[in-house]
Structure formats: structure tokens, C-alpha cells
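One chain, chain A, links the two complexes that follow: it is found with chain B in the first and with chain C in the second.
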Partner chain A sequence: MSFVLVQVIVGGLLLGAVYALFSSGLTLVWGMMNIVNFAHGDFVMLGMYVAYVVYTLMGGGPILGAPLATLVLATVGVVVYFALIRDIMKGPMLAQILGTFGLALLLRYSVFWWFGANFLSMPPNIVGGTYAFAGLRIEASRLLAGVVALLVTLGLHLLLTRTSLGSKMLAVAEDQTAAQLMGIRPDTMQAIAWAIAAGATGLAGALIANFFYIVPTVGETLGIVAFVTVSLGGFGSVPGALVAGLLIGVIESLSGYLIGAIYKDIVVYVLFLLFLWFRPQGLMGKA
Partner chain B sequence: MRRWIWLTVVAALAIAYPLLLSSPFQQRLGALVLLYAIAASAWNIVGGYAGQVSVGHVVFFGCGAYAAMGSYAKFGLSPLFGIPGGIVIAVGLAAIIGVPTLRLSGHYFSMATIAVAETMRLIVTNTDWLGAAVGLSGPTVPRNVFDLSFLSSLPYYYLFLLVLVITLFITWWMTNSRMGFYLRAIKDSERAARSLGAPASRTKLYAYMLSAALTSVSGALYAMMFGFVDPESGLGILISVKILIMAALGGAGLLFGPLVGAAILVPLEEISNSWLGGKGAGLTFVVYGAIIVLIARFQPGGLLSLFTGRKKSKSDTGAGHAP
Partner chain C sequence: MKLKHVTALLCAAAMSIALGTNARADDKVVKIGVILPMSGGTASIGAHAKAALEVATDIINNAHPELGNLPLAKNAGLAGLGGAKIEVVIADNQGNPATGQNQALRLITEDKVAAVFGAYQSGITLTSSAIAEKYGIPYLNSESVAANLTERGFKWFFRTTPIATDFAKAYVDFLADMKAAGAKTDAIALVHDNTEYGTSVANTIAGAFKEKGQPVALDVAYPVNATDLQGQVLQLKDKKPDVIIMISYTSDAILFAKTMQSLDYKPAILLADDAGYSDPSFIKAVGKISQGVFNRSSWSVGPSGSPSAIIADMYKKKSGEEMDDTVGRQMQGFFVLADAIDRAGSTDPAKIQVALKATDLKPEQLMMGYKGVKFDDKGQNVLASGLIIQLQDGENYTAVWPKANAVKAPVLPYKGW
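What follows is the complex of A and B.
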């Protein structure tokens, strides 16, 4: 295998880890409350803009930008939960889809209106230069994003499966009434889930802002990526999202390299449709 | 009886409108309201009556628009030939999207429609035969009346009015047919409907295909009026958004809901565009987003449901948890 191909695959894995990170937020909310956040990709976009603003106002890199973006988006998540999600969750399907889809438009075009439609970008060496490693050349910003995203996604999995908070959240997901009888407040747990889900998007956004193009409409593509990841990984499953995210990252960079950059989105979308045809329960899902 | 009086008054107003308010701007506005009302009514069949929220409906709109302009630009035919051509392509595409996704929960359907619309836009943007990013143009100088290329908006107004009446009639006829009863049952509770023998997936698919065909007609009419189509105006996701929000604002699942929504939002957008110019484009969609959120949160039935006395319907499709 040529070095170029290995390079492409490694790049795909690093980006895929970030996909896995923000997709686990979507899968958490979907699995727990059976609601799909169509604004999920736009949350990531907000995270990117927070990182960008931190850079332009204070000159801070991801050390400042990433925690701040996580915090800001977690707050957004909680606000969105109490102001919108809690009510539309009980409503008809139409209201659920319209509600989060309207939110997506609201966020996307508020940013569009404020920052304009121009492609923004961070300075190329904000994290550090490029490492040469056994013949591979890896940008520090991509390496940082991939490694942090991988660790946080694994941490999220441990949080959900190994802590009492995680057990409480799973209890609410399983049966709200029963959980309430055990003294768990569903409202609080669901708000926490939204904080975690949105916080993950904020972190992911701040991480890819260092090397991705920053534009208001980027949320649309990333939202579809998250949805594809979750449907491949099976909804509600963080490990599933991790595997699917890495896989999609690799498929995307390979098709970008082998067929052409403009076709990489098409490949992901077509893959998604094929999956819906042949294996709607996802790669690891049950039924 | 009162219903018929209302209908007569509305019909008379619709026919008289371009003669009473006869400036080119007003006539154009009227034609656009009717055009979007057609598209939104078509969306209503699948989004309102069948309860399947298609977010990528623009793909059918694009089928019609490209078929109409394509029949002129590629084959030298009247754009009218694009109407049957667009319908065939749209219905086929609807089957491809609908067969796998309508079996699944509604979220998959919504997301799949977005993915298909975006895929089509990317493919068309990179296909030279379809004009790539520039798009296709219609006849600059009409050869005869069948080129449907008029300077005034008046002929379009009455053409659109006729198509809208046909669309509404088809919708009304559908709701009173066996299919309409199935759809209502499925929307209330798909599981109950299935257990009583209603062919749920097939009925939803038929509704989707019917909706796709009518949306394609609206796309063809749009392209005829504007004389061209490009990937943004024919396949951009924002067209879907406009169609969807008009139906939802007026009242999804109500016969005249989409018309009411279009009559409110089209003038709003045209006026804000002429006041704010290009800078207003972003702001318009901020307002659209806010309107959708507010409808979903406070009045999921749309504005018309305020008058019909139907309160927030708490149908159980996908809400909460299945035990």
C-alpha cells in the first residue's frame, strides 16, 4: 500500500473520531428521548464560531476555545431543552421535526446574518506545525482533534455505563415512570443529556474549526453526517457511533482521494440511502 | 351552506384580484402566492395528511423545473412537455426514496429526503449536460403561445389559479376516498391501523408519489414563469423549507392551510426583500426559523386550526416512548 493511501486513511480516522464525538451526542438524545435533533449539525457550527470568536477577540487557540465552546453549547443545550424540547417531545411527530428543524434554520441564518456567508478560517499554525512520523505527515491540529475526540467519546461511553449518573440516565431512557418512582427526576436527567449532547458538539466544533472551513451552512452537511453515523451505529449506542464515525471518516477521505473532492459528500449520502434499503437497523443495531 | 358562501367569496376574490390590483408588482405577487400555494398543497398531501415530514421536497420541484427547461433547451420542444416528463421522473424518485424509508420511523424519512435532495443538487451542479452551476434557460423570445413565455404576470396568475384549483380538488377527493380514511387512521395510530388491515406502508407511499407528481408540476410552472432554472433555484434546500413552512403555518393536514400560509409568507418575503435588498436574505430565514419553532411549540396544527376549533392534536406517532 502506498504511503499516500495510508496518509489518506489516517486523515480519515482522525476526522472520523470527531464525527464520532458529535454523533454520540445525537445518539444519546435520540436513544434516551426518541427525539431527533435536526439542529445537531448547526450546534457543531456554533461551536466552530465560538472558537473563531475566541481567536479573533482574544487571540486564544483551542486551549481556551475548546472548553469555552463546550460550555457555551452545553448551556445552549439546556436552554433548548427547557424552552422547546420538553414541550414538543409530547406533541405529534410533525411538531418534533418542525421544532428542531426550525431551530436549525434560526441558528444557521442568525450566524449567516451576523458573520456573512464568507468562508472563514483559523490561521494554519494555531496549534502547531506538521509532524513527520514514519513517512507520514500529520498536521498537529488534526492530530489534536482526533485524539481528544477519541478520548472524550470513550469517556462518554464510560460515563453512561460505569457511573451512577449514567445509570440514572439509562433508567429514564428505559422507563420514565419507573425511574420517577425510584426517585430519579426525568426532567433533570434529560436536561443533563442535552447539556452533554450539545457540549460534545461544541467541543467537536472547536476542534475541527482549526482546520475546517467555517461557514454558516456547514451544519447542514455535518448534520447529515451525524445522522448517517447514528443510523449506521444503531441509535442510542455510543460505541456504535464511534465505529461508524471512524468508518465514515475513512470512506469519505478515500472517496475524496480516489474519485474527487466534490463527490465525497455524495458517497456518504448514497451509502446512507443504501443502508436504509438493506440494513435499516444499522451496523450493530438490533432491530 | 356557510361553507359554500365562504368558498364563493374566496373564489370571486381570487379571480378578481389581478384586475382590481393591477400593478405589475401586485400581479406578480399574486402569481407567486398561487405558485407556492400549489407546491405547499402538494407537500400537504404527504406532510399533512400522511404525517410524513418530507424536508427534501425540492427534489421533485427540481424534476419539474429541469424537465420543463430541458425539453426546450435540449430538445427544442415546448416547456409544457416538461410537465409529464417531470411527473414521471418525480414519481419514480419518490418510489426509490419512499419504499425503504416509509417502513421506518418518520425521522429516517425526513433525513433521507434531505440526503436525496442534497445528492441531486450536487450531482446536477456537476453535470454539464444539465447546465452545471449555470442551469438551463427557457425561450428568450416565445415562438408561439405554447412556449408559455409571457411578459406580464397575468396569464401566469390564471394558469396557476387553475392548477391550484385542480390540486385542491385532487386533495379533497383523496381525503374522501378510501385512501384518505386509511391515511387518517395511520396518522392517529399506525399500529392500530395496521392491525385492522390498513396497508400502511403502501398508502403512505401512494400519498408520497401523488405529492411528488403535483410538486413537480409546480416546479415546471415556476421555471416557465422565471424562464430559467439553476441548482439553487431548482434544487436548493431553502425551497423545501419555504414549501414546508407555508403548509405548517397555515395548517398541515387542512385543505386550505397551505393557501393561507402562502398568502402570509410570500408577501412578507417579497416586501422584506424589496426593503432590505440582498442583505435581508439571511434575516428572512431567521424569521422563518423562528416562525417554525413557534408553530411547533405553541400551535402545531397551524393558524387555521385556531378557527376550526381543533385543539393541539396529540396523536401518538412517534411521541414519547413505546412501552
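What follows is the complex of A and C.
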């Protein structure tokens, strides 16, 4: 019994790390630009399809799939920024919501049209199989995703706090006009932020594709978790998203196992709402 | 918009003129009205069904001695009506119950069809059959599974397909046979999502086992389109049921297969209730790690040279698709209707109704794996049943139960990967 509980918690931590990984891109855009990107889940979906195409058509496997998905999605991020985001940022909040939502549908149905509605899957355990460790079973693909989640979180955090590029990006986030007076180009900074955010999201998609099914609507399934993770962690806080992701993963796993899967979302959302009641800015967000 | 309506009207007019002259030119034609989704979200179903009915019409109207005991195959046309040919008049229900109802009215009053066949979606079968009932025209349904369709006290409605209660009965019998063969089947776990399909089918199955004095030991419900199923698989791993019955759509079926592999969990018997496990993309995605999963179907292609294999071939040539359970049930229903008209020896609706009520087809006269066709007072085929199929090689399902329809023997325990 207790042994199964350990497995449940380990599974929850790995799941949580994945939640954190695909939420980091969302929190970056949110924190930098105050833009809620409703197409975020579909960016994850695109990353999964890039990894799948690389695997099936180019025989690249996961080694090539992940970096290529990062690059492709970073490019998509820049294009989306200049074609859509830059303009709708000037409009009211509603325009941002509808604009990114429209983008989500465009991406989803383009993939529908090209790949069809069928479920796809990478070959099982394409990354290294499953480790049995003192009776615990840890899937290599999930472990890889978990480790990368930690590295990406650390990297983004260092980038924002320790580099001049990060400082410039934060300056733009703080006060565009003041930043411009200092010789920083808001356009460039925000385009870079979009490239990084979308790239991280694409990387997340490519890694998740190793243990999840791939379907055009998968962004819907994963998108909601990303929003909850980011609000719990605190808008714009990259380490916050990591802690929140891990928390949600463990709570989900434990309640799913102990109380029943039907109730696990209720447990997660009740705790989530209670928490926001007392701390609306999230775990690590600024008040 | 207007132009579209005018065009539609013109087309309808042209069609009825064409059909009208046709009927006059050749008196030995029996018209059957067919209501199907030819447009809308389920248009692919309609396209498949149309091809299947073309094959069925070919079998009835031309001599096909190679099909053995299948009624109406041997000679050309309906012997009971002096060799009359069957003619199918297809009407599009557009996936809309109101349209289906209008089409039923048109087929009955304008085209003067001898009987109506359709309408795929349970909701449209519901509305269109009400028109047939009002006009006293026989209505045969071959594929809608909503239980209430045969609970309306209709006198002109007949349904050949098995419904959820039949599948539940099949599972009970199948597991009893597996137990007799030495498998352990005492503790049964139901795993299902929280949709109408998942909960209602789970209830029906739980009821059927309870009736047999073997209540379900574990009920694992999960939210549909789950992001993670580790908790559920660990729950199963912990409780160790002998048999797991899976009632899941494709997304969750795939995730279950992947999670079971990563947590190294295999039940002795894994039995799936159609849905996700019948989706060709399930087999492509995780068939190789789901070897030995049992599933239900009423269709089995059978050994080569058998009537069902020949029909599957004809269908593939016509449509380019592999024969599946749905089109199989449709063809079977159509044969039952044609057989009744043949025995009635007339296109008089009342005589066809009497003949349908007297239907008593044996398994060897069918292309589907039913135990026969015989209608109760409500019009439901009481001998409708399913086959159990098994994904032995991870690529193709093979019929394994009941023995009479089995191509291979069931392989136990569940192999997985």
C-alpha cells in the first residue's frame, strides 16, 4: 500500500514537471506583455506534430525532434508576434482574447485539414524504455521531460535575472516608454520573448509527444492545465510555474488514486480557488 | 441561399420524375426508401452505407450461388414476386431529425416505397420511424442502438442490431466460457469514462453481472479525455482484478495502453467495449502494446471463400474501404427486409409486416455473427448478439468467440507488449 503511494507521488512529480514545462512559455508571455495566449495549448500541439513528422518522415527520432520543434515554434512565435500580437496589444483586452483564440482555432483546424482527425502516436518508449528502480517504475520519456523542465525553468529564470537581455526584456515589461528612452526597442524585445516562449512550448510538445497521443485537439486537453498552473504559480513567475506544476501534479495523482479519478479535478480546483482566495497573486507573483 | 433552395427543389423534381418513369417502365420493381446521413458531419458513414447497399442490391438482384445459404443470393431478384428487382431510393437526412422526418414522408407519399430503411443516428431513426408508423409502412433499422427505440409500442418498427443489453449478455457468457476453460474470472473491474456512453454502458454491464450473482468488484470512473491515468492504473494494479472491462473512447484508450505499459501492469483478461478500441487509429498507435485485448463486434470476415469473406471483398471493391461492423450490420438489416418482402410475395405493407413478424433466420443464413433474426412484439431482434474478437497479433482483430463463429481460439492471458 505505502509502496504504491510512493509510486503515485513519483508519478505525480513527473507529471507536475511536465505541466511546469509546458506552462513556462505561457507565463513568460503573460508576465512580459500581459497577453493571455489562448493559442498556447495549440503551440504545444504543433510541437508534438513537428516531433512526429521529424520521426516518421525524416527518421530523426527524439534527438532531432526536440531541437527542431524548438526552432520551428520559435519561428512561429516571431511570425505570430509581428503578424498578430503587436497589433492586438494596442486594442482592448477583448481583442487580445479573441485574437489569440482565433489563432488557436486556425492552428487546430489547419492541422486537422493536413493530418486528419486520427490519433497518432510515437512508437512506445522511443526514449529508453522504463527504469525499474527499487520496485519503482519510471518512464525514461517522462523523466527526460521532467529533467528538461527543470533545466528550462532554471535557464529562463537566469536569463531574466542575470543577463542584460533579460533586464532589457523586463524593462520593456515594466514601462515601454521608459525603456524606449533608454534605447531599448520594445518590438525587438517582445519578439524575442515570443520566440523564447513559443520555442520552450514547442520543446515541451516534442517531449510530451513521447508518452502522450497526438491529435489536433490535444491543445484543448493540455491548455487548461497550463492556465491553472500559471495562475497558481503567479503570473509571469517562471519558478512559480515550476512549483505550481509540481504541486498540481502530486495533488492530482494522490486524489486520483485515493479518492477517485472522477473527483481529482474537483480537489485540484477547490484547492486552487481557496489558494487564490487568500493569495490572488499566486505563489510567487508580485502583488 | 435562395438559389441553393431553388436548385435543391429542381434536383428533387428531376429525381422524382426520373424515378417515376422508371417505376412505370418496369413493373417488377420493389422500391425501398433508405434514409441516411449523406451530408453533414457523419457523411462518411452515409457514403460507406451507400456502397454497402449497392453490394447488397447486387447480391439480391443477380444470381450469386457462391454465397450459399444467404437468402435471395442464389437466384436473380425476388422469387416470391416473380423475380422482381429491388430498387433503393436514397434520401439524405443531413444529420437532422426534422429533415429525416420530412424525407420519410416524401419517400412514403411521393415515391410510394414498400418499406423504409434507416436512419443511422438514433435520434433520426426516432423521428422518421414515427412517420412510417403513422402511414402503416414497415420500417427496418439496422444500426441505431438507443434502447428506447423499441420501447414505444410501435407496430411497424423492426430492429436487427444488438443493443447494450445484448453486449452485456455476451460478456457474461464469454467470461463464463473462459472460466470453464480454466481462466480466473471472479473479480471483475469496470473502467469507464463519465460520458453518457461510458456511464450507461457500464451500468448495463454491471446489472447483467449482478443478475448472474457476480457483482462487479471494482468500478473505476475517470473524466473523459484525461491528461493522466497513472492513478487509475495503479488502483487496478493494487486491487488486482482478474478481468478488466474497458469502456473508453480513442484518446483514453490510447493513454491507458501507454500507461499500463509504463507501469508494467497487465490483467489476465482485458475486454474492451468497442468504441476507442475499434478505432483503426487505436490499432495503429498502440496495437503493438495491446496484443491480446478482446473487443466486441458483430462482424467477422471469416475464412476465405466463406460468404462473409466474399461480401467483404465485394464491398472493398465497391468502396475502397475495409468492411467494418457498422456497414455489416446495415447490409444484414437490408437482407432481412428483402427476405421478408420476398416471403410476403407482395409489396402490400400489411403483408410485409406479417412476414417481418414471422422472420426466423438461422445463423448460417446470416452474414453477421448474430444467433439468428427473430423479432419480439416490440420489434427488437431477440437473437441479435455480438462476437468477441481479439487483437492477437497487434494488427488485426480475429473472431475468437462464440466457437461457432471463431476463426482462432482465444489466447490467454493478456499479452500486452
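The criterion applied here is as follows: the second predicted complex is superposed on the first by the 257 of 287 C-alpha atoms of A that agree within 3 Å, B and C clash if a C-alpha of one lies under 4 Å from a C-alpha of the other, contacts with A are read in each partner's own complex, and residues count from 1 in each chain.
Just so we're on the same page, contacts are C-beta pairs under 8 Å (C-beta built on N, C-alpha and C of every residue); 3 or more make two chains touch, one makes a residue touch a chain.
In this text, all values refer to a predicted model and were calculated from it rather than measured experimentally.
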Touched partner set for A:G146, first chain B, second chain C, both or neither: neither
First, second, both or neither for A:G47, with chain B first and chain C second: neither
Chain B versus chain C as contact partner of A:F227, first or second or both or neither: first
Partner chain(s) touched by A:G16 [first = chain B, second = chain C, both, neither]: neither
Which superposed partner A:I262 touches (first chain B, second chain C, both, neither): both
Chain B versus chain C as contact partner of A:G25, first or second or both or neither: neither
Overlap of the chain B and chain C footprints on chain A, listed as residue numbers: 220-221, 262, 265
Residues of chain A defined as touching chain C within the complex: 1, 4, 7-8, 11-12, 15, 118-121, 123-125, 130, 132, 137, 139, 142, 211-213, 215, 220-222, 225, 252-254, 256-257, 260-262, 264-265
Footprint of chain A on chain C - complex, ascending: 194, 220-223, 225-232, 234-235, 237-238, 250-251, 254-255, 258, 261-264, 279-282, 284-286, 288-289, 417
Chain B partner contacts - residues on chain A that touch it in the complex: 30, 34, 36, 38, 84, 87-99, 101-110, 112-113, 117, 175-176, 220-221, 224, 227-228, 231, 262-263, 265-266, 269-270, 272-273, 276-277, 280
List of chain B residues in touch with chain A within their complex: 47-48, 51, 53, 55, 97, 99-101, 103-104, 106-108, 110-112, 114-116, 118-119, 122-123, 126, 237, 241, 244-245, 248, 252, 282-286, 288-297, 300, 312-315, 317-321, 323
